[in-house]
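For reference, chains read A, B, C and D in written order, and residue numbers begin at 1 within each chain.
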Amino acid sequence: MKDREVILSKIREYTPEMVAVRRSFHRYPELGWCEFRTASIIAYQLRKLGYRILTGPEVTPEALRMGVPSKEELKEAYSEAIRNGAITEELLPMNGGFTGVVGILENGSGPVFGMRFDMDALPIQEADWGQEYRSVRPGIMHACGHDAHAAIGLTVAKILSECRNMWSGTVKFFFQPAEEGARGARTMAGSGLLDDVDMILGCHIFGREGRKEPHADVLPGAVGSLATTKMDVVFHGKSAHAGSFPEKGKNAILAMAAAITNLYATPRHSQGNSRVNVGTVHAGSGRNIIAEEACMELEVRGINSVVNRYMEEYARQVIEGAALMHGCTCTIETVGSCTSVESTDRLSSLVQEACTDMGLIPTSYLHEHSEGSEDFSYLMDTVKSHGGEAAFAILLNNTQGPGHSPTFDIDESAMANGAAVMLGTVLNVMGKETL
Amino acid sequence: MKDREVILSKIREYTPEMVAVRRSFHRYPELGWCEFRTASIIAYQLRKLGYRILTGPEVTPEALRMGVPSKEELKEAYSEAIRNGAITEELLPMNGGFTGVVGILENGSGPVFGMRFDMDALPIQEADWGQEYRSVRPGIMHACGHDAHAAIGLTVAKILSECRNMWSGTVKFFFQPAEEGARGARTMAGSGLLDDVDMILGCHIFGREGRKEPHADVLPGAVGSLATTKMDVVFHGKSAHAGSFPEKGKNAILAMAAAITNLYATPRHSQGNSRVNVGTVHAGSGRNIIAEEACMELEVRGINSVVNRYMEEYARQVIEGAALMHGCTCTIETVGSCTSVESTDRLSSLVQEACTDMGLIPTSYLHEHSEGSEDFSYLMDTVKSHGGEAAFAILLNNTQGPGHSPTFDIDESAMANGAAVMLGTVLNVMGKETL
Amino acid sequence: MKDREVILSKIREYTPEMVAVRRSFHRYPELGWCEFRTASIIAYQLRKLGYRILTGPEVTPEALRMGVPSKEELKEAYSEAIRNGAITEELLPMNGGFTGVVGILENGSGPVFGMRFDMDALPIQEADWGQEYRSVRPGIMHACGHDAHAAIGLTVAKILSECRNMWSGTVKFFFQPAEEGARGARTMAGSGLLDDVDMILGCHIFGREGRKEPHADVLPGAVGSLATTKMDVVFHGKSAHAGSFPEKGKNAILAMAAAITNLYATPRHSQGNSRVNVGTVHAGSGRNIIAEEACMELEVRGINSVVNRYMEEYARQVIEGAALMHGCTCTIETVGSCTSVESTDRLSSLVQEACTDMGLIPTSYLHEHSEGSEDFSYLMDTVKSHGGEAAFAILLNNTQGPGHSPTFDIDESAMANGAAVMLGTVLNVMGKETL
Amino acid sequence: MKDREVILSKIREYTPEMVAVRRSFHRYPELGWCEFRTASIIAYQLRKLGYRILTGPEVTPEALRMGVPSKEELKEAYSEAIRNGAITEELLPMNGGFTGVVGILENGSGPVFGMRFDMDALPIQEADWGQEYRSVRPGIMHACGHDAHAAIGLTVAKILSECRNMWSGTVKFFFQPAEEGARGARTMAGSGLLDDVDMILGCHIFGREGRKEPHADVLPGAVGSLATTKMDVVFHGKSAHAGSFPEKGKNAILAMAAAITNLYATPRHSQGNSRVNVGTVHAGSGRNIIAEEACMELEVRGINSVVNRYMEEYARQVIEGAALMHGCTCTIETVGSCTSVESTDRLSSLVQEACTDMGLIPTSYLHEHSEGSEDFSYLMDTVKSHGGEAAFAILLNNTQGPGHSPTFDIDESAMANGAAVMLGTVLNVMGKETL
């Protein structure tokens, strides 16, 4: 257990730095595909530690990206990142929103072990409760803990680089953009960079509240996050004066209203949970004009891919039927998606053991069910598709405020736990010390 | 004016008989296409008066009939008609629901003048307020005055037969089945029997209430009844257990509900009044079963044929869109229709003059608008299509209870007025006496 | 194990009789609250075996009954039962639909052990595939196995009566009416007859298809059937002629359609599965009349009582909102309900052991999830509410056709298994022989 | 006829100036309650002509205003008006959106004759077809002819001032803000300034297309514009994460969708045309968030006040029912309304005569029906309520493009006609010259 002691002592040593990095990311949050400052700092640090760095379209192929902001937004975010201290020498290949970073360290023969950390923030205005690291960007904040995930990733990378004597094989760090909206992982999964990965591990911070084992620190392998598909829909009608010629219009608002009610009315599925939500609607140019166009943003979810596909197909059918009803046409664009997270047994067991090794309390449930959606599933699916192992570890802690809310904050002690889980698993998979 | 005096005196003489005939028809009401007793009595009486009689498919071509009851219902009604005193020697060609009767009297050179009277009753249980002529048939009653129309027709035919010396030309009586549901007239219009008709006149009893001229007896020429289309719709889905496999069904009730709300939501039309009504719905086999089939009876109306067609087309689009929405299919059957009644100026003027001649008070409005629908429009359209004249006269009177309600009854004094209007117009069109 | 051997040999001996009884019940199926023939035979047989018999309102208190057929239907069913061989001396207290039977055998000191068997059939026309025991009653059949349950109950009662030397305590048999529609159990639960019951066990035949362990014979303790509430809803509007005065009506069909779509649109619940179904709708008197009244039968379900209550409350809110929208009023009548089946651990373990003792293969899952609803939950809840134990055992077998379908039939070999599970558990609970 | 000759010659003389004024107004269009430049020029010109000027809250009482833009918008428009040449010495009392102007000229004994002209433009981007007077303000244009109406008013005022010898009595000019959206007239009607008005005349430019008499210049008295009510609706719900806690939200979008479909489904009215339109909808903060708030702008219309009130009441009922359905609340704000324009017979006849006197062709129809809505009805109603006369004259001309469209333009020759109708009617009402 000597190596593990050394690792734990390094974690303790670097924790103040890890917290500072997290707070820096927190202060300058960046939306999906716009993580220029965050990603450039990560690339710079990894490069300094001796990692081989891949970034740009090689990591996030252009044709596979979904839900990319407009050119103007990307440009504005790029400029702002520079103003906020981005590392300019790393920025160039990221221009235009190619903010994924892969760092590789080859260290002798052995398996290829992947680790994934997400980096993006949310379009939410952070509450002000006196925190010195409060977001300086109006309307944007880290309300889901990705700032902490990225900082954990850097710390793990640093310790693995320093302790090359303890392990043999290759580690591959995936710093992923645009997890929110379920956009980035499917893109990275298409890069081919996971083809040689034997095992992949991701982690996410969650609150303990409502869990069965209130004192546990880690859930080794999550199973059952909801698969999801995000769609942008536009109904195209024809405008007319609503008083003078009501019959000459094709009412896009009327079509959309029919669609909304019937979308929610999608029958339940016997295999388990499903979801549908129309989150935003915008339509119409004036009270007395029959609306020519109506836009809505919606998402469906399902306990597994079968249920999610059922929900998506039903949604398309409802939308097309609603358009037909009122003489309109419609366009449906998929802007995000993820499958269900399904950790494999073997890697989950290794993670569970790692927890115990590193002095953490794992839940007795290897697997547990979660209601959210998480696009890490695509990376897991890719590794599993060629026979590899995959797991998603939940870092339980006493978060403040609900996720995705203005008052959200993490319990920073969970960060050291996260580094310990990751590093402990690496040792279990390719460590040189026999236990 | 001598001839008119004679005619008026004959009307007075025959009024008790006319009332008795009306009451006999009232006592034995018959639904559309089932007017076996009524039609057989009419055919028998006209034949006795010297009229040439046409009946059977020659009058109501089989291929053109709409909304015909089932074979069992027709057979049952036929048997009941015999039990209730139908004239058996006239019945044979009517078997199977061919209950239209045309009576022709050729009387020298001159125009061909058509007159139309409808015969069918409604599926309503008559209220009991002590009337000795109350319907003996449960659930069926004359709640729209067609019993009176038919009796007026017989009286007019009798007097014209007796007074052949007063007029020259041909009169053609159209006793029409199945006016309710707008089914019979379009069928008769396709028989070819209107091709030689120069003018056609119909009449209908209506209450005075709410009219601008409360003391008037007759509105000479109605204009503006609503065109209508009646449709029977079935949604075809797939049943499944609603608890065990909600996603395996195709929910016909859900599709129908979406259709209903959106049918009523059909945008208004700038040309004027439109209507839509889903009058009945029936669906489902059990609470916990997803309904395999859902049926509804609906109708649309429009102030003119353009508006009615718009409503019909929109309805079809909504129904198909609703079926598509929920993975169902649908069948739409047209079971009745009529265009808008539009009396022509010249014949309306002749009717107006006839009123004055016969001592009745016409409204000063030659034309007036009515909210109901009336399939006599098809006979009018046919005559007008070859350059003829057509009018629909409203016999105003103090009816009891609303039309199509259990307490409805007519003011029988309107019947003599009806005969006078008809006969006065015949004299104005082809009478020998110069005024 | 001697006693268990004796019991097994008796089961083998009585199996032909048990099958014959099941087929007799199958041939004369009876709907809920109308099980006059079935219940009278059961009461008669139990009485002969020495059981004390309770029946009539004492077992199913009048005020607590839900979803009772009309007086005419009850009377008709009563007469038909007599024609089909009901035992007349037992019938009198059951007249009017009080068809529950409780049989009690006190046999020394010891616990009170309850067993429950349901008796009612379904309104389904049985398919004809040559089976000699096909239902003779048109439109009624045992499509859910209750015929077998009742026959198992009689056999268990007979063997326990014959083997009084083997056990000590009291057994209490609950033969329950009206399980379909979830009506009978809540009524019996209110009788007070479960107040002294320490443990209660029920069973149900289900197909093996789709189960994880295809060779298992019995699932010892079911958990997670859906709680449900069944409601009959009437919308009360005002009729008017749809062409003449569309604004004067209050359109009950329009209100119902709004309700239906929005009922299905009830948001999902984070605790798990929910269901809603409008299974039947009937409304309207004529195509051109605005419907005065509209009726629908609906049900909601939930994975537990919290979710079911949420669904029920949301449904009530939707129905009231829909009525308000279109100027109507509504009445909502609860006609059935059940909570979620939740077998307790201790009794489930005893059942599991009993399976092994009696040579049957239990699934390794003590508990498992099922999508259906089962009102035995009320009896379980009642026993559990005073600290007792309850379990619901699933008798796995190769059924033919889906449950609640015309082609359904059981694999009769499951009946002997059912008797074995019941008797084995009785021995485990209060048997005299030490294992 | 000498006076009329003089007047006509003055109209001819001033037409180039009238056109220039109209084009100046056209180039600098201003939205309702923001007509600072237009109104200040009008006040300044009238004052120069010797009119007594009222403006500010005295003309448009603060408490009665509806649909007023935000303070920011008013301020911005005020500044822009100054930049565009508003007359600053008239602006002060108008600050904050009090842009109504009343000009009074007392000229001996006689009746008080009111004339009304509206001034506001529409939020439409004007098409560019080379016109030198194209709107310089992006997204705002005169697409309804109010620029011409205001210019006509100034010309009429000038000529009446110059020709005081020809008439005796008082003329009162009402330059009304915010006709679009039906906001300004009801406000002015509440000022008390119409209490002494004996007759009031308004005018509006409309295209000839589709009229029965294509060569007519003027329709003397419009009857039957649609009464209307404009409403802003907000549904208030509760937000929640749509994936994690769908049951914890109150879905404002779902409530709004139910409302929209059912609003359009409001049953038709037997008295005639009705309208309903939801013209804009905006809701939601994110795809995966249950919307907390949903806003829509809607309007209803009716052929008369009875029908409009029916539509408004039904709409309120639907909106409240929809909110109730989905656990939301709602607020409904009336932001505009007008009654039906109903010109009186006597003043319409005087206008008709004036047309002939001035060499214009009136239609033979004194009154005619129009599909639009026009809030001048409130001023008419106020005058009629104390026994006065009111008429609304339609200036027929060959407009370009449909009203309320980017390509709309008037045929400027109609402006001289408008002045002639107004002045001719003044002479007919209080001219000194006997014809």
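Just so we're on the same page, a residue touches a chain if its C-beta (ideal position, glycine included) is under 8 Å from a C-beta of that chain, and two chains touch if they have at least 3 such contacts.
Predicted model, so just to flag it, every value in this text is computed and none were measured.
*Asks:* How many links in the shortest chain of touching chains run from chain A to chain C?
*Replies:* 1
*Asks:* So which chain is farthest from chain C, going by the mean of the CA atoms in each chain?
*Replies:* Max centre-to-centre separation from chain C belongs to D.
*Asks:* Counting C-beta pairs in contact, which chain pair has more, A-B or A-D?
*Replies:* Answer to which pair has more contacts is A-D.
*Asks:* Approximately how many whole Å separate the CA-defined centres of chain A and chain B?
*Replies:* Chain centroid spacing, chain A to chain B, equals 69 Å.
*Asks:* Where the centres are mean C-alpha positions, what is the separation of chain B from chain D, in Å?
*Replies:* Going by mean C-alpha positions, chain B sits 48 Å from chain D.
*Asks:* Just give me the whole-number Å value for how far the CA centre of chain A lies from that of chain D.
*Replies:* 54
*Asks:* Any chance you could list the residues of chain B touching two or more other chains?
*Replies:* 244-246, 251, 254, 258, 261-262, 264-265, 267-268, 270, 275, 290, 371
*Asks:* Which chain A residues qualify as touching chain C in the complex?
*Replies:* 261-268, 270, 272-276, 371
*Asks:* In their complex, what parts of chain C are in touch with chain B?
*Replies:* Where chain C meets chain B, its residues are 123, 181, 226, 228, 230, 241-246, 251, 253-254, 256-258, 260-261, 264, 275, 277-291, 294, 297-299, 301, 371-373, 402-404.
*Asks:* What residues on chain D touch chain C, complex-wise?
*Replies:* 244-249, 251, 254, 258, 261-262, 265, 267-270, 290, 310, 314, 317-318, 320-327
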